[in-house]
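As written, the chains take the letters A, B and C, and residue 1 is the first residue of each chain.
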């Protein structure tokens, strides 16, 4: 069996035996979570996302969030995830928004036709301007992937300082979900003559609304 | 001072650029050192080592160790040769513990010239004067294996009437690479031409380096291109007045 | 050195447009990296490199343990791990699965490992359509060419090349605006994603404690490849494994910065299997193919084992003054640049292209930028020594060996060394202080001629240093 053959070759090369534990010299995981107050987090996130061509808006209340989303999707077909937060903000009831989809094929068809995909976000990362999206019954993957515009609406308390804090609060993402995606700005490519083009396969426009 | 220093001039300086060695001796003497030249010296063995001939490199290294056995301070006008001795001699004697011990003791006594001045002699102003616009080329071994960048610049900053202009980019190989220069001549030549473009951009009339091998590559390319820019070793600059 | 290698190098050096493309695009990436890891931007950069190296060292030194942990965790969530020793076994597995599922269309995201095993060629040979979805790779697939650079596969193509290509292969009106070319390709590929039966991706990391893979990209094609089709196959070298998800806090901070100067790529996907119950979309089946293909051959060597720490960022390519002149196609295999120069001889055997480890000035720029601190110059030197030992054994390159023996003898006999140098100096043209552009026999030996083909030689001085020194006294 190739498996046993390869593992045997590895062990022979390393001078190890089957079933042997890992050597005790594993470096401790390095997680350094900086101090960063709320305002600093917002400033950092906003600056980072803007540098990538994305946009950050702040809404003090859920109603304000809804009011920010409405003009952005005016006259457009939008698909929203099943995130409870979106319903709480009243976003799922905006005209032109379809949500509550649980069927994969239907979701795909709607996302392929939609011009805007609206999601919440599980976390945001201040030092890189990233969104952290975990796939779940509330959040499907395609909504932040197929439509050319992605709007994410998330409560401010989900804003972490960065990767170190993310892996501190979520050291084992695989226990929660089959897919955790860090989204850092619009999709992009520079494959032709290294000229930057925003919007390739994924959304070319990313708007993040922080609520609270 | 009156302290003794031994020169390891390197085979290249000995045979092709003797003025570099004389300049180095002159600067050290001006600072009060008594300068020795162990006559049995030849080469550090780097050409053999870099070409994969470790047995041959070992023989040359042993000769070096013997030649310089009694000397407390050994000064070298070359980053690449210094690096060969202080970093790579140890790679050669893994199977000879006694020689390895001698190598480790030797490593502490060998200094690249600019580092010797700034860290051992602890001087930056050696009383030099040179009215030229110069640019400085950092040889790769000096820069990356020995971490030398500030020392030569601090010394140049104290040379009267000298203007230093940095080239952009400031960290690219001149293309010498030892036997690489002849094994891959066309490629080495292309790298040299990119280097001299950066040099010419600065408008400097002189290129300074602490590595004679780099200077040979650069001057060779400048001469072939018909450019009037000349090269000087750091020791030659510091000996000028 | 090798005729084939010399010819490719020569051709690349002679192509002025290509020279400009290679130098300027790698220059941009080099500067991007430099700015993003500068002290003010990333004060803990060196610390992170040290940590990354230590993690990789530990993972490779305990490779069997972590592969088994990875496998256990993948299997526990319903996924399957398949070990393949070479290209044939990989193709057999994929073809077998495709047949079982009645698959016809495959979409692929960028993966050097799939290039290693010529996967597309093999699938195509068996009547499957396997479409590259990364824009650069897609362009190359249409052109029937190989990637030029780890991060910039189509570095050597201009917008006009792309326009010609698209018109010819996609039967569309000629379009030279890059944004429009991009949109066109994405539109064609979107249909492929949504119709594909199988998605094949690589993996930047295999996370042992999670049974997860990590895929890093900017375009979104990897997300689509790993989300749209019902079957997701991952192909990854066995050396990609890291112990813990938390280790990603170290690696992710280094990878994008080292590659392009970005803080993070647009998308970092952490995928641990088929969609869970309740999850709305994602694949139904998840396979991870672990590839050997020469990696275990490398493993026993303690000095050179570090070659396997590579996280494929491409920083060494962008820093290498040699790569920036000879480009990706001069290299004999899929891996180019400094990492290619140490990896190829070890995976394929040194005789595959013995010139490779010598085609370096040992400037050390690669080792300086490697995020996992692979001491590439050291490995190059070891390979050079290995090659010369093999040549001595096989009686090859005798003349060179003799020359270095003579060199060592001369350098250990100072009086003879001095005499020989004096004789050579007497035979050389004086030059009148000017540098020399030609040298008569018997001095015009091949190395001298090689030097003179590109630059002048210094005129021998009237007296050597030791002669001058003796005179002083």
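Just so it is clear, a contact is a pair of C-beta atoms (placed from the backbone, for glycine too) under 8 Å apart; a residue touches a chain by one contact, two chains touch by 3 or more.
All figures in this text were calculated on a predicted structure; none of them were measured in a lab.
If you draw each protein chain as a dot and join the dots that touch, you get a simple line with two loose ends.
Counting contacting C-beta pairs between every two chains, the top pair is A-C. Centre-to-centre separation between subunit A and subunit B, using Cα means, comes to 53 Å.
Centre-to-centre separation of subunit A and subunit C, using mean CA positions: 30 Å. Centroids built from CA atoms put subunit C at 32 Å from subunit B. Looking at subunit B, one finds that none of its residues touch two or more other chains.
Residue ranges of subunit C in contact with subunit B, taken from their complex: 1, 9-10, 13, 23, 27, 321-322, 325-326, 358-365, 367-368, 381, 384-389, 400-401, 404-405, 407-408, 410-412, 414, 417, 421, 425, 434-435, 437, 446-447, 450-451, 453-458, 460-461, 463-469. Within the complex formed with subunit A, the residues of subunit C that make contact are 24-25, 28, 44, 47-48, 51, 54-55, 58, 61-68, 73, 77, 83-85, 89, 133-136, 139, 152-155, 157-159, 162, 178-179, 181-183, 186, 189-190, 193-194, 207, 209-212, 218-221, 223-224, 227-228, 238, 243-250, 252-253, 262-276, 278-282, 290, 292, 296, 299-300.
Residue ranges of subunit B in contact with subunit C, taken from their complex: 9, 11, 13-19, 21-22, 25, 37, 39-43, 45, 47-57, 59-60, 62-63, 91, 140-141, 143-145, 169, 171-173, 175-192, 194, 216-217, 219-221, 223-224. By the touch criterion stated above, subunit A contacts subunit C in their complex at residues 2-3, 5-7, 9-14, 16, 18, 20-23, 25-27, 29-32, 48, 101-104, 107-108, 112, 127-130, 135-137, 140-142, 145, 163-164, 166-167, 171-174, 177-195, 197, 199-203.
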